[in-house]
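Next come two complexes built around subunit A: one with subunit B, the other with subunit C.
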Partner chain A sequence: MADVVVQQGTVARTATRRRSGLQKALKRKSTAAFLMTLPLILLIACLVLYPALYSVHLATLNKSMARFVGFGNFEFLFKRDTFWLVVRQSCIFAISAVILKALIGFIVAHFVHNVPANKQRKWRGMLLVPWVIPPAMSTLAWLWLFDPSYSAFNYTLSFFGIGPIPWTGDAMWARFSVILVNVWYGAPFFMIMYLAALKSVPEQLYEAAAIDGANWWQRIWYVTLPMMRNIIAITTLFSLIVTFANFDIVRILTAGGPLDHTHIFATWAFRVGIEGSDIPLGASVSLFMVPILAVAAVFILRDVNKRGNEA
Partner chain B sequence: MADVTLRKVVKRYDDVEAVRGIDLDIADHEFVVLVGPSGCGKSTTLRMIAGLEDISDGDIMIGGDVVNDVPPKDRDIAMVFQNYALYPHMTVAENMSFGLRLKHYPKAEINARVTEAARMLDITDLINRKPKQLSGGQRQRVAMGRAIVRNPKVFLFDEPLSNLDAKLRVQMRIEIKKVHQKVRTTTVYVTHDQVEAMTLADRVVVMNHGRIEQIGTPNELYHKPATKFVASFIGSPAMNFVPCRLEDSAGKLHLRLTDRLAFPLPPARAARYNALPRTDKLLFGIRPEHMTEASPHAEPGVEPFDATLDVTEPMGMETLVYFTLEGTAVCGRVNPNAGAQDGGPLRMAVDLNNMHLLNEATGAVL
Partner chain C sequence: MSRKKLSRRQFVTATALSSAALITAPYVRGAYAAGKLSMGFWDHWVPNANNASTQLVNEWAAKEKVEVQIDYITSQGNKNLLTIAAEAQAKSGHDIFSMPTWWCHANSEQMESVNDIMGPIIAENGEVNGTVKYLGMADGKWMGVPACVGSQIKGPCTRIDLMKKHAGIDVQEMYPAGSQPKADNWTLDTFLKAAEACHKGGVPFGIGLGETTDSVDTCGAIFQSFGASLVDAKGNLTVKTDAVRQALDYYKKLISFLPPDVAAWDDASNNKWLVAGKGAMIMNPPSAWAVAKRDAPQVAEQCWTHGFPAGPKGRFAPFLPYFWSIWSFSKNKEAAKSLLVHLSKPASIEKMVVASGGYDLPAFEKLTTLKVWQEEGPPKGTLYHYPNPYNHQTLSIATSPAPPKVAQQIYAQATLTKMCLRYHQGEAMEKTLAWAEGECEGFMRT
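And now, the complex of A and B:
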């Protein structure tokens, strides 16, 4: 917001200079706005900034939290194979889940967009259900579906002569399962965001494209996607952050197993920090997400800013 | 380029009939304007020609081929939309060349066509800008450029000037006419503005309630309207309608407007209307410019009468005068020096050589 200074014609300039300065500062819109939002800023600072700085502080201490070790915890982590396994798994998990969520969300959004208006609410409501149920609860249901002895999936597949599949017992299948559940849980969010974006694309652009000779696929590629780029970028970034930091689905479904092959940053930080009673090492693990996400955020948001004034 | 033919074209939305069986032949190179009030079906007709709406019944032919089930992209048409419908993420050049790029034209030809169209529309300097950086008039030019580079069989314009201010509208109207004179592509243009229709069209199609009321050149519509709707829709200020009846008195056919006011009809008109039953309820239609201040010299067919003016509107080159004839408000056009004053009396004259007589019940011009 631009600073708007209310002009005061004849302010006594000599004796009351200090006081008039304060008055002016208060009359500046930005100052007033800042003061009004100050309580919220302080609250956020307490709830976000303090824990963040505290975890940085924790990451520099030794296991008993008695001695400053600098980057000692990180040096230790870098030498451990499990850590690099977690880095790799986190990247695979987050990137593949986000891509699948974006893809499925986009396709489903298109279908819902083409449903007649009077039936659309029903479909939107039903498709949002996975996202509305607390993931800890829904993951428990998935756990039953994947159960080695009573798996509904394996039972169904057995009719086709497939299986039994060790959904959570085998490293590759376990990775597949956590990604599947995460996609199931997160795709509705993409769907609802893309649906809103789709609705904001003027119908006449499609008509113009149809007359210009674009087929269905070209209309998506040259009209829909460019018009939705900002929403896609922001939704992807948001989802990337949330998926990278996911805890509950992996924790409940596999608890990082088998043999740490589904651990991601948050679950492994919990394992070493809380279960392994090495809080500083756990803090170091979770802090390692920051630079990776920061790089992604910078790239995606820079693109959004660049295009901000286009449409 | 091609001719466009509509045969008994119908458009139904559920139980509403938006277009009720229209027949229209548009010749090659012709500029045809569909005009009518909101909801008369003119835009729907245009969109059916474009292929953006399915037709419920009838046939549409472009260049002799029935295109009822041909998708828009294969009809070889170009359309200019009311809100321009430019792709916001593309530059002017990309917007204009989009259709050609989709059809994989060689780059050199695309560039040549875009440059030529930009030159014709005077937007060469804007070629690398995005639509957001353009004014309304410039966007409209780009939208036209996008249509021109395609070199289609038919141009379709859907109220292209409605979003512009009055001054720009006049300017762009002239631009569109110039472009058509250069490219000579068959054009169908939809507007609700009768001035646009009159100034641009080779032929005007007046539509009302999903039907064609009349097709004709601007002059035909103005001077020989077929129905009351056309007579009142074309021309500004609108034609005056005063209830009247025919009567014979002193061996001559008279037009009686009020108990006190009756005019003898000129011989040509008398011959034309003589066969009408004298009991019919009729409407006397006269355009404001045929109701002027009385001149000192008597002219055949021009009958003087006295009026008390309600309101006058000096327009500079003329003054519009409003008065009532037996409860019916009418408008006349007088010379600014005729001495017309609000509330004042004025000796007026009506030119019966240019009158119209309508059937009050059917609205048909007799």
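And now, the complex of A and C:
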């Protein structure tokens, strides 16, 4: 009888301990945070993770999707001249567009920062317009401006005896046009991020630099840029990923032409996969971006972490 | 109180009757007794043309007691192609889908055979042309019923006045409304001379050299007129042949008489060229003429749609058919076939062609002389020769006769127009051919 009482007491204690353990876990901030983000995690798993893994699966199949070919599609791509043309163009497109967006964003952010506070809102609003218009719509407007036969730009230039310029008909001009539209669309994002970063630089640092006799350039180089480094790194990474994966601007403006000279990964993947009904090869083309972007992300984020720890 | 005793015989009879009633109950013809059917139809660009299809489907649904759902899916931005790819991957979606040109072959493993209904349809409507067989049949299996909705010939649409003025050619005399074409002299040489004359006159032909279908289709027809193909029907490479060299040389000459920006043209550019009154000819179905009728009537009344010029190996015109196909995962295949038979009746076809203003083309030989093409205008008879009523040209598709899955790659990548452009831009002939051969080798992967 006494044994039974003792055993019952042990069971009751174990159950209480378990309950309190669960209560403790639920009370823990990290558990609560995890549970609250769980719906979003599940949503991302369904809408991002599953399609990503599915495209990896597709990339390992043959054209009729009946046979596993491992890295066969990639081996095939590496032998195609057009593929390397697309790789080169994607790099040219993404790198030059990101550099220009960063540069223009940085300069414009400084201008806006120096505008009196009561007028800043108006300027910020106006400068953000390109970024808030859906790119498919704004690119259509650009398409009309660049139209091969009825370009508004060429019409205007004709008054000065210039042109007509083959905006989308010549390889170099077509590349210029798609980069220009991407810069026009993306620079406001850089501008607003840099403006926020500029506002967080303590004024005392500039005062100290001025007392030390620093000129304009030295203030930028030794105060502004170091204070903005993390924002610049994160913004560049984010923009690099988005620009590499761009589809709409090139698709609408040139559809990859002339002679494939403006194709980037996404547009060529669409051409091969959807228009050419070779979905595994299309998936392989689009997945080729992953290692490039992963390497960039590792380097940039490692740098940001390092600087974060230093701080 | 009397108690009635149930005999064994009565029990068996009652049980049999109840079972029969229970089994047959679902087949009693209620409002939607024959189940559901969904279809993804091509969204017609002609306003209200979809109404004819809707009416025909509803008429059939009411008679057959089937619940129907029609989705009109646009080809703008290739939305229909994306839907096809998605449904093929998911093995779920519509029962019937409007498949453009190559997409029956691209999904051949998932297409339900319609051989059983194609026999009677052909017996009633007449034989189909070779291109329809090439695109709609695989190993003796019909993968879809040729749909008139969306099917088109991309022949020349010529400005009567400008052609007469600059090239001295009377297209109405060459292709008179109501009678046989007198087009023996309408050859590629005449075409080139006319292109030169119109270019000199400031109204060049609007033929694109971009990577969209209009450019590829014209290029394909001209290549075929020289007997030039990049891959033959057996899948052998035939790039480095005299026929291909002749076609390239011809195109090089032609490009110099075209507008300078044709490399950047898309499928809308040639339409705008004609409607704006800037050119004497484009290669297009009558959609450009229809837009002109609305936006530039003075241009529309000078337009005449007619046959292609003939080359050394014959007279070829680009024909792009649509097919109504049934997915193999459809749950109501018999109802789907019944609907397709209804839509393929001559009266149904005529109704749809009329609703499209003559744009849609039936693929059947007995249905190329409908009244609508005789009467559409202005000018009256402008569409008379659009459906190829006298079979004086071979209806074909660019990049055929290559095996369809290879041909689709050549077509989608616009290899033909790229070859012409590269050669025109100064690349050596043999280098262009070597590039094209490399591309085609890649397209052969399985």
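Here is the rule we go by: the second predicted complex is superposed on the first by the 274 of 311 C-alpha atoms of A that agree within 3 Å, B and C clash if a C-alpha of one lies under 4 Å from a C-alpha of the other, contacts with A are read in each partner's own complex, and residues count from 1 in each chain.
One rule holds for everything that comes next: a residue touches a chain if its C-beta (ideal position, glycine included) is under 8 Å from a C-beta of that chain, and two chains touch if they have at least 3 such contacts.
As the structure is a prediction and not an experimental result, all values here were calculated from the model.
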For this session: With everything superposed onto subunit A, say whether subunit B and subunit C fit together or clash.
Result: fit
For this session: For A:Lys63, select first, second, both or neither according to whether it touches subunit B, subunit C, the two together, or no partner.
Result: second
Seminar exercise, completed: Larger residue footprint on subunit A, choosing between subunit B and subunit C, goes to C
For this session: Considering only touches as defined above, state whether A:Leu259 meets subunit B (first), subunit C (second), both or neither.
Result: second
Exercise. Now for A:Ser200: first (subunit B), second (subunit C), both, or neither, which partner does it touch?
Worked result: neither
Exercise. Touching A:Asn215, do we find subunit B (first), subunit C (second), both, or neither?
Worked result: first
For this session: Applying the touch criterion given at the start, work out whether A:Ser158 contacts subunit B, subunit C, both or neither, answering first, second, both or neither.
Result: neither
Exercise. Which of the two partners, first being subunit B and second being subunit C, lies in contact with A:Thr37: first, second, both, or neither?
Worked result: neither
Exercise. With the two structures laid over each other on chain A, which partner does A:Pro166 touch: subunit B (first), subunit C (second), both, or neither?
Worked result: second
Exercise. Between subunit B (first) and subunit C (second), which does A:Ser277 come into contact with in this model arrangement: first, second, both, or neither?
Worked result: second
For this session: Once the structures are superposed on A, label A:Val223 by its partner contacts, choosing first (subunit B), second (subunit C), both or neither.
Result: first
Seminar exercise, completed: For subunit B relative to subunit C post-fit, closest CA-CA distance rounded to the angstrom comes to 50
Exercise. What part of subunit B is in contact with subunit A in the complex they form?
Worked result: 50-52, 71-73, 77-79, 81, 83, 85-89, 98-99, 102-103, 130, 132, 146, 150
Seminar exercise, completed: Per the touch rule, the subunit A residues reaching subunit C in their complex are 62-64, 76, 79-82, 148-150, 164, 166-170, 174, 254-260, 271-279, 281
Problem set entry | Contacting residues of subunit A [partner subunit B, same complex] | 202, 204-205, 207-215, 218, 222-223, 226-227, 229, 307, 309-311
Seminar exercise, completed: subunit C residues touching subunit A in their complex are 78, 81-82, 85, 89, 102-103, 106-107, 109, 210-212, 259-266, 269, 272-273, 276, 278, 405, 408-409, 412-413, 418, 421-422, 435, 438-439, 442, 445-446
